[in-house]
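The chains carry the letters A, B, C, D, E and F, assigned in the order they are written, with residues numbered from 1 in each.
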């Protein structure tokens, strides 16, 4: 019975590359990893958006309409629906002048109860200190 | 001796970051460590059989062939990433397996070290 | 020359575009270049907007990233793929992607 | 009506820059222009037959199928770039041809406009 | 934490690395990151070298780009792939690629 | 009988991506393009290195030794051997403190006679003005 904590730190802009999309899909894969593990063992992801990465978190991404692909927005909502811990860096949001009402904060319309959290960088640093492994996307 | 799980991600084929990941795996296995090697996105191309040598391209598949022989190297390609690119089961180079992303997370579970190489 | 420049990135390319001179210069923000047209990082607009040029932004890429034409400064025009084709053939002779 | 020659280069598969190039070609052909479309490096993946639709990936091959039908769209993949990646003649999606890089330069010779998309 | 950071680029990533704090921090320049260890653009060394960290540069990538260990400042150590494996397993617990 | 002039402007660092390598190989392909064209027609490339791109032009690139691939250096020497016009931006070299003796200036050891030229940016701008098509790598 053990838990491995994994930090998925997203610093990349969305869409130019697949980096932030893959970060989300791999973090979400923690929900099905048990088939490979012993009973009670688990992988617990925490997803943090820092730097330019906070631009992944804007609402109303119209990629389905224009490019016929799922948006990063949908992946963030799915991860909240699955109760993943999702943190946005406050200092970076402030730097870009982005307010909470422009952000994907919950997955209420999908029936989710977990909310994304806007936290100072120091909180994200603490998460990085506490996880077993770190990955920057 | 330890276990290193590597994830190799976006846009890497044609960049020396992909070479880095293979050479690091090689160096780790040579020292007696075991390596789990996961490719996703464009890097799934590395799992395609029938790659040819050109002087402008690294022939990484030869290093992979040697690594598979050691028994201390496992390589897995993201199945959906590969299918989206038109690589099917029959396109897979010998030694490779294909799985969903949870294979990578499961490998990370008991890894001593995890290195995710993004490449952008 | 009449030069059309696609700026596709937010963090790179400005040094190259800044030096370009052309009798007629058009800058079309596409991909992550759209952040140059929408964000005021630290309160300031992107320095590239100071350049003497006509500015466009691709609507499809703008909206894919959560913005709309309402987020654009007055001197930036939202265009579609169809408009871009006309810009390429009618307004500019050489076109580059940065 | 004019001729647009596009070169589509490094690292593009999996990025929306590749989508840009295909959608621009589509818009140009719709307006009556002709388009020569050259892929090199990673973008040669676009010429692979058997690509599958996934909701996380654009299904550009469908747009290409429509473009080929118009007769005003030619697409050519760099042969060496493809072979290096393990794509052989039999892997080519219908409509595509494979040539050396001089095909692209020859197409540029009488093009009204040339757009090279790097993607990095 | 004991954190090893691979810096693989010359123009991006510094903002992220600059903020990282660790009890023990190692920065390994690889790929185009090696220019941070070799160039003095406009006469100045790369600001990342001011950080309180141990600095390494991958010899193979240094030499592939036309430099040698003679081009390195005194506080940067040239290492091979084999050395990097030891750094990963012996010196740092978490390792990231920027 | 016509000549189409093509500017290949290289602004990218070497090796991380294939951009500068592809610029060189495509410029060199101008030497075999006649098979597709009428007699006397030709494509004439000019290759200019600007910005970070000048770092492609350093001598002693040991990629063959370490990665078993041809170097950008070899492609530059080949293009000089084939008498392509190759220009390096002086201001950018100065900014990096790179002197001429550190640069690939000729292909003498291959029997070539054409030399690379270090020119002010204004000369490169003139080349860009004069070509029919421009491509930035």
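As a working rule, a residue touches a chain if its C-beta (ideal position, glycine included) is under 8 Å from a C-beta of that chain, and two chains touch if they have at least 3 such contacts.
Please read all numbers here as calculations on a predicted model, not as lab measurements.
Colleague: Tell me which chains count as touching both subunit C and subunit F.
Modeller: D, E
Colleague: Suppose a student superposes the Cα atoms of subunit B on subunit D; what rotation angle should they report, nearest 5 degrees?
Modeller: Rounded to 5 degrees, the superposing rotation is 180 degrees.
Colleague: What whole-Å value do you get for the distance between subunit B and subunit C if each is reduced to the mean of its CA atoms?
Modeller: 38
Colleague: Express in whole angstrom the distance between the two chain centres, defined as the mean CA positions of subunit C and subunit D.
Modeller: 24
Colleague: Indicate the whole-number Å distance between the mean C-alpha point of subunit A and the mean C-alpha point of subunit F.
Modeller: 43
Colleague: By the touch rule stated above, which residues of subunit D touch at least two different other chains?
Modeller: 10-11, 14-17, 41, 56-57, 113-114, 116, 118, 120
Colleague: Got the subunit A residues that touch at least 2 other chains?
Modeller: Subunit A, residues with two or more chain partners: 15-18, 25, 67, 133-136.
Colleague: For subunit E, give me the residues that contact two or more of the other chains.
Modeller: 8, 11, 31, 60-61, 64, 95-97
Colleague: Building nodes from the protein chains and edges from chain pairs that touch, which of line, ring, star, complete or other describes the result?
Modeller: If you draw each chain as a dot and join those that touch, the picture is no line, ring, star or complete graph.
Colleague: What pairs of chains are touching here?
Modeller: Those chain pairs satisfying the definition are A-B, A-C, A-D, A-E, B-D, B-E, B-F, C-D, C-E, C-F, D-F, E-F.
Colleague: What residues of subunit C sit close enough to touch subunit D in their complex?
Modeller: Residue positions touching the partner: 6, 8, 30-31, 58, 60-61, 64, 80-82, 84-86, 88-89, 93, 95-97.
Colleague: Which bits of subunit D are touching subunit C when the two form their complex?
Modeller: 2, 4, 16-17, 20, 23-24, 26-28, 30-31, 33, 112-119
Colleague: Where on subunit D is subunit B touching in the complex?
Modeller: Of all residues in subunit D, those touching subunit B are 10-11, 13-15, 41-42, 45, 48-54, 56-57, 80, 83-88, 91, 93, 120.
Colleague: Which subunit B residues qualify as touching subunit A in the complex?
Modeller: Listed in rising order, the residues of subunit B that touch subunit A are 7, 9-11, 40-41, 100-106, 108-111, 113-114, 116, 118, 120.
Colleague: Which stretch or stretches of subunit A touch subunit D in the complex?
Modeller: The contact residues of subunit A facing subunit D are 15-18, 21, 25, 67-70.
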